[in-house]
Every structure is written in structure tokens, then in C-alpha cells.
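Quick notes on the structure that follows.
Which chain is which? They are A, B, C and D, in the order written, and residues in each are numbered from 1.
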Amino acid sequence: MLEELKKKVYEANMELQRERLVILTWGNVSEIVREKGLVIIKPSGVPYQELTASQMVVVDLEGKVVEGTLRPSVDTATHLILYKEFSEIGGVVHTHSAWATIWAQAQKPIPCVGGTHADHFFGKVPCTRLLTEKEIEGDFELETGKVIVETFRERDYRHVPAVLIDSHGPFTWGKDSHDAVHNSVVLEEVAKMAFYTLEINPSLTAMPEEMLKKRFFRKHGPGAYYGQQ
Amino acid sequence: MLEELKKKVYEANMELQRERLVILTWGNVSEIVREKGLVIIKPSGVPYQELTASQMVVVDLEGKVVEGTLRPSVDTATHLILYKEFSEIGGVVHTHSAWATIWAQAQKPIPCVGGTHADHFFGKVPCTRLLTEKEIEGDFELETGKVIVETFRERDYRHVPAVLIDSHGPFTWGKDSHDAVHNSVVLEEVAKMAFYTLEINPSLTAMPEEMLKKRFFRKHGPGAYYGQQ
Amino acid sequence: MLEELKKKVYEANMELQRERLVILTWGNVSEIVREKGLVIIKPSGVPYQELTASQMVVVDLEGKVVEGTLRPSVDTATHLILYKEFSEIGGVVHTHSAWATIWAQAQKPIPCVGGTHADHFFGKVPCTRLLTEKEIEGDFELETGKVIVETFRERDYRHVPAVLIDSHGPFTWGKDSHDAVHNSVVLEEVAKMAFYTLEINPSLTAMPEEMLKKRFFRKHGPGAYYGQQ
Amino acid sequence: MLEELKKKVYEANMELQRERLVILTWGNVSEIVREKGLVIIKPSGVPYQELTASQMVVVDLEGKVVEGTLRPSVDTATHLILYKEFSEIGGVVHTHSAWATIWAQAQKPIPCVGGTHADHFFGKVPCTRLLTEKEIEGDFELETGKVIVETFRERDYRHVPAVLIDSHGPFTWGKDSHDAVHNSVVLEEVAKMAFYTLEINPSLTAMPEEMLKKRFFRKHGPGAYYGQQ
């Protein structure tokens, strides 16, 4: 079942490798079929250079394997809660891409200090709070998902399709798996440039609100005029 | 019309990708045909890996599309004002190349602290002032061009063929599109080396005037003796 | 003799080059055949681009060449003492990979400040003490091995399969030569991310103990649930 | 004449590009034929991707072109004085390789803070003093050579085959052109690692003398035991 979509999710996974956002087994991409309540996701611990489309695992929204002989990604519970809570997203990506992970490990949000950031993320990319001891020792991956949702309680997940997990690394999301990978590519570049920008000018905090609005809405929403119609 | 030139501008665009100065859709190259008052430019929002020569857009100096089925780059108005004000240039490049963009985001000019810089840019590469709220909310891309021209009011654009747009990224120019790309390659390397040079020795500001003159005019102008005749 | 294993150790050596952990001649991989008391190791000073499987040298545990026309790696004595003292390891790797070497040169352990580190190394990667003048002028490579063993007197080498040699560079080990190379790949990435993490947030020291335990034992030991069964 | 050697010098030049030590036209390699008093050197300003073996220029020790239709490198006078003063060298390399250039621009020697450095350079890699206004405005490239010689008045050029030119970039030398390129590769890596080492531990100055001696003479001179006989 869903052979076309398995191939698509496989290709989105491999795109992470081509874009140098993953090494070894450090990442996973999924996509949801909302009308069937099924999610296709990378199997756990399979190195990217050995991955095949037929290894993709199909799970339902409770995480039960519906098809596939391998275990799904250990982060499946995190993906599933994002699909449940962020109703308009179609794809989710997790990586340990170096620059986004560095900010996550530093337990700091990525401030919006440039146009490239503002073109894609409407303001800073937030970092979750540290999990409590109880959350860590409980259902760790589910709690990771819950703390992302908590972080976006006062934010619009459609305007900032990325988050940093404290001491861990980034998740991104998008319309589908390829769009979520695209957001991972952007996040990594933006994370790198923010680091060096603040090295040169540590007094920066965020760009003026009018510039952020101009840049973001030039590319997103009804008034957008960037790109083709 | 202008098929040969479209191919040239396409190739100059692709050179940006080969030199790793652009990812995704983050850059554009144009070239002017001064005798016809026409400019060839990359279409807006087309990813570099999908770009073709036939997609290049021909616009007149008011920005009206003369040939092409796609919208021209969103930065077209900035390119056009540069062609109008800098009468000897033939090509313009815009990128979000990481190191030049980092200096632009930091709102700092790139100081001339080494021979590589002095060989190509006669002194620091300036950074524009931040646009006013009115300029941002008005004709944003045109105002971006105007603030470049303002920045060069007291400078010779032929001796420093590059500028940083505050909080955004670099523009470069040159005799034609390939020369402008060449200047983007140099700018990126110079921006990176200036950053680390100042990390090691923060007390540096600029090289001695006689060294700057020696190096720059060894390669440019009537007394140049670098390269072949 | 041991032709298959020579090929395996050769390939593990070449993997170092593919993963950009070595340039020139700066690294070596070995593997032990415990039942025969023999170790296969790279020859000394042979550039990676000229290396062949048949050049691999077979030595006994006293370092005597049993087969091969070339001298074994100058670091052979260090490898041998690790095999003698760490009874469960099957492969050893030494490189001058940039990031791990930088921490070693800085004479600092790599603190565990992120999940990627905790997934692979149970706590900080230690740095040996500086050798004494007598140790340096004596049997230098043997003393290097001894100081690694000293460093792990209070640590479990199976939980932290890596060490930094003061002012020099890293050694890693593993179940076999490929596993040891895998640990070198992880170490390099972890070393890089720790550096930048502390640049952003210098107040970090180590992640909470419960997070370290959760992450490490999710992937290692009887309760592990990462990867396939 | 000297067709074989032209090919060798051409290949040494191209090696600079493969090792990512040059971009555009920013470097040059030469080799001397001492018995004939002739030097083969890259032509001036020819981009590396267009370079051919037959373009190599043959000059005598006064810089007169003996064969070749192109102008020799603008840095020829610097190469020639090195051949005259350092009687045992056979090849010279100049690049603007990023990390070595960064130290040169910072006007600082590269301190010996690690084993990789000590394996190849016996102590710090010195930086020349800034040229005087008169030297700059006079025979600039010749004065650059003279200040290198001045810098090595109290040093053994055979033990430290590299120098940084203040505000400019590195020169290296060696037994022949390939050996000089090899030293450029080592210098670049050593320059990078020294930078980050001092970022982590700014209190470091140099490694203990006995460690430096052990490492350097393990690889060089009559008592060397690294590599093959």
C-alpha cells in the first residue's frame, strides 16, 4: 500500500543526506495521509547509505505498525503528536544538522537578525524548555512532542515551521515531506548565519518589526509577490 | 531575441551555484544591453537546479517585461537603478552568500585588512544604512537600489564593485554578468578572511594607505602589471 | 594469511579518508584477531591515496612483524597496549581529525552538552595528562598508550570508546575496525558541535544526569530500544 | 625545453586547486633546475581552470624570460630570491589559502600548539614585519622576498619551510615543487587547528620543548623512525 508515497518519503529522507543535514542514522522524515490516518516514516537506526524505499514503515496515529517489517523511527511518537496538534501540516523532519543542533544544545532560540531568516520564519525560531526528570524518565519521545506543542501555544506553527529541542536538535514541518525538508535546509543556513552575525555584532537582538513583516509577507499569504503565480 | 545573451546570463547564474554562493532560489544575475536599453535577468523564485536559459526574462529599464513568460526576479527594481546610476557597469549579481550576508546582517562594512581584499576592492566594502519604515513599506526593492546609490555618493563604484545591504545581503557588479559573478566570489572569500582575521587580532582596522594603493593599482588601471597584456 | 581481514582493515582505513577524518598520512586503523594474538595495522607513512590492502602489516602483541614488507604504523605500540588492557575491543583508530584534535591540543575534555554526544558517549570524552619529560624521551608511543589506560582507570572504556591525547589528537576503539571508525566519525561531529555550543552559551557544563542516562541506555545495553532487533 | 619539468610544475599548480588552497588565480608554484640556473613558474593571472602545462614560463635567476609566450607570475621576484638565499630548496609555493592567510592578515605567527604542527614545523611559523612605505613603493615583490630572508636570518629554513607575509599570505618551500605543495597543505591544516585551539584555551603559547623535539626529529633527520626506509 501507499507505494508512491513510500518512494516520496524515501526521497525526502535521501534529500537530507544530499543537503548534508544528516550523517549516519541521525535524522528521519515522515509524511501523513490525513484521509486514511496513516503516517509513513523512516525505520529506526538504518544508515542513510543503506536505506531503500520499501523499508519505509506505515503507522497509524497511535503508532501501531500497519505495514513494514522494520521498527519505525524511535522519534515516531514526536512526529505523531505534531500531526495531531498542527492540523495543516503534511510532513515532519528531524535531524541533528550541526548549526541548528548547536543552538538547541546552547538552549537558545535563533534570533531573527537577517532577511534570509525573515523570508522564511516570522520571528525567532524558539527552543523548548528542558524536560523535567519525570518527563525524561517517562514516555520520553511523546513528552518531546508535547513540549513542542507547549512552545507553540502562543505562536502560529504555520509562520514558524521549525523548533529547537533543548539539548537535542531541530524539528521542522511543512505542507508535505519535501516542504519540511526545504524548511530544514533553510533553518540550517539561517542558524549558521545568525551565529556569525552575533559574533561580529553581539548587540543585535531582532530586526525591526516592519522589516520582518515586509519580508515575510512578500513571500507568504495573500499579498505575496515573490516567485511565480 | 537575445538568445546568446540569455544563455550567457543563465550560465552566470549557474556559476553562482557551482561556486556555492547560492542555495535554493537565493540569488539572481542580470546583464544589460545598453544600446537597446534592455536587461536580461533570472525569473523570480525558480530553484537553481530547475533553471533553464529560455526562462531568462527580458525587461526594459522601467521594469516592463519585453520577453519571457515568467515574472522577473523580485529584485529587478534594484538591478535597474544600479544600471541607470552606474553608467559603466554591464552586469549585476545578488546573493545571500553566507559570509557577505553575515557582515550585512551585522550591519558592518567589511574592513580592508589584507592583500586579497586590496587586490580587488579599493578599501572597505560599505554597508548601506537601515531603510526607514516609510521606505520599507513603500517600494521596497526600489528603495534598496536607492540606498546603494546613496552609499556610493562619495565613493567610486568602479573601485569598489560591491555593497552590503543592511540586514539583507550583498550586491556586486562588473563589466558584464560573468565579471559581476567573479566579484561575488572574491567578496565571499574576503568576507570570510576578514572575520577570522579580526577574531585573531581585533585591533586591526585597515591596511596602510600605501599598501592598499600598491596592491590595487598593480592590478587595475593604466599602471597595472598583474596578469597578461 | 588473513587476507580477508587485511581487506577489511584496508577498507576501514579508506573510510577515514572518505569521511574526511584524515589527510596525507595522518591516521591509522587496526583490528585484532584475539584467538591468534595478531593485529593487522596500516603501514607507517604511506599516503592514503597510495594505500593498498596487501600493504597491511601483521604484528604480534609484542609488535613483532609477522607478515608484511613495510614497517607498521609508528603508533603500533599505542594500539597494542589498548588491545591488551581493554579486553573487549576489536578495533582501534587514530586520526588527526580537525575538531577532536583541536580539543586535544587545547588540553580539554569534550563536555557532554548535547543529545548526539549522550547517544554515543556516556559523559565527557577525557583528555590525557601531558606526558612527563622522561616519558616523552623514553618509549614515546608506548607511554602514550599507558597514559590512555591511566585515564580510563576510573572509567568504563566500553561506555566512552574515545580519548584525546594531550597536545596530539584522538584515539577511538570499538567492536571491530569499522565500529572504531564509526566512533571516530561521531567524535568529530560531537567535538565540532560542543565547540560552537559553548561559544553561544559558555555557562554550560554537562547535561542533567537523567537525560544522559536516558539517551545513552536508549541505544546501548539490555534495555535499548533504538534501531532494529 | 624542460617539457617534463613543465608538466611537473603544472601538476603541482593543479594540486593546489585540488587541495582547495587556491581559487581564481590566487597562487603559484615554481621549481628550480639548479644546474642550469633556470626556474619554471606559473604565468601571471591565468585562472587555474584554464591553465595548461605548455603555458609554464621558464625564467633565469634574474627573472628574464628564457622560454614562454606569457608573462611569469607577478611574484617571480619573490620566488627567485628564495632560491638564491635558501640553497637547498627546489620548489616554492605561494597561495592565499584561507587559514594561513588569516594569520598573515592578523600579523601573527602561528604558534606550535599541537603535534601535527610539531611533526612538520620545528616551532612557530613566523610572520614577516610590515614593509616600509619605501619598500612598498619600490620593487615590491623583491622586497617581499628580502623580508622573508630577513625573517629567517636567525632560523633554519629547512626546519620551518613556511612563512607568513604580513597582511598578505603564505609562502612555503621544499625539496621540489610537490614537496612545497605538501608543506602548503600541512600549513593550512595547522593554521586552522591553531586558531580553534586558542579559542578554546587562550592561555596556550607553545608545546614543551622536549615534545617538540621528540615529534619533529621522529620524522626528520638521521634519527627519524617514521615512515618507510
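Criterion: a residue touches a chain if its C-beta (ideal position, glycine included) is under 8 Å from a C-beta of that chain, and two chains touch if they have at least 3 such contacts.
Worth saying up front: this structure is predicted, and the values here are computed from it rather than measured.
The minimum number of touch steps linking chain A to chain D comes to 2.
Relative to chain D, the most remote chain by averaged C-alpha coordinates is A. Its C-alpha atoms superposed on chain D, chain C is turned by 90 degrees; the angle is given in steps of 5.
Per-chain CA centroids place chain A at a distance of 33 Å from chain B.
For this pair, chain B with chain C, the centres built from the Cα atoms lie 46 Å apart. Among the residues of chain B, those touching two or more other chains are numbered 199.
Per the contact rule defined earlier, chains pair up in contact as A-B, A-C, B-D, C-D. Interface of chain D with chain B (complex): residues 23-26, 43-46, 70-71, 74, 96, 98-99, 101-108, 130-131, 133, 136-137, 140, 165, 167-169, 195, 199.
Within the complex formed with chain D, the residues of chain B that make contact are 113-116, 182, 185-186, 189, 192-194, 196-201, 204, 207-208, 210-211, 214, 218, 225-229.
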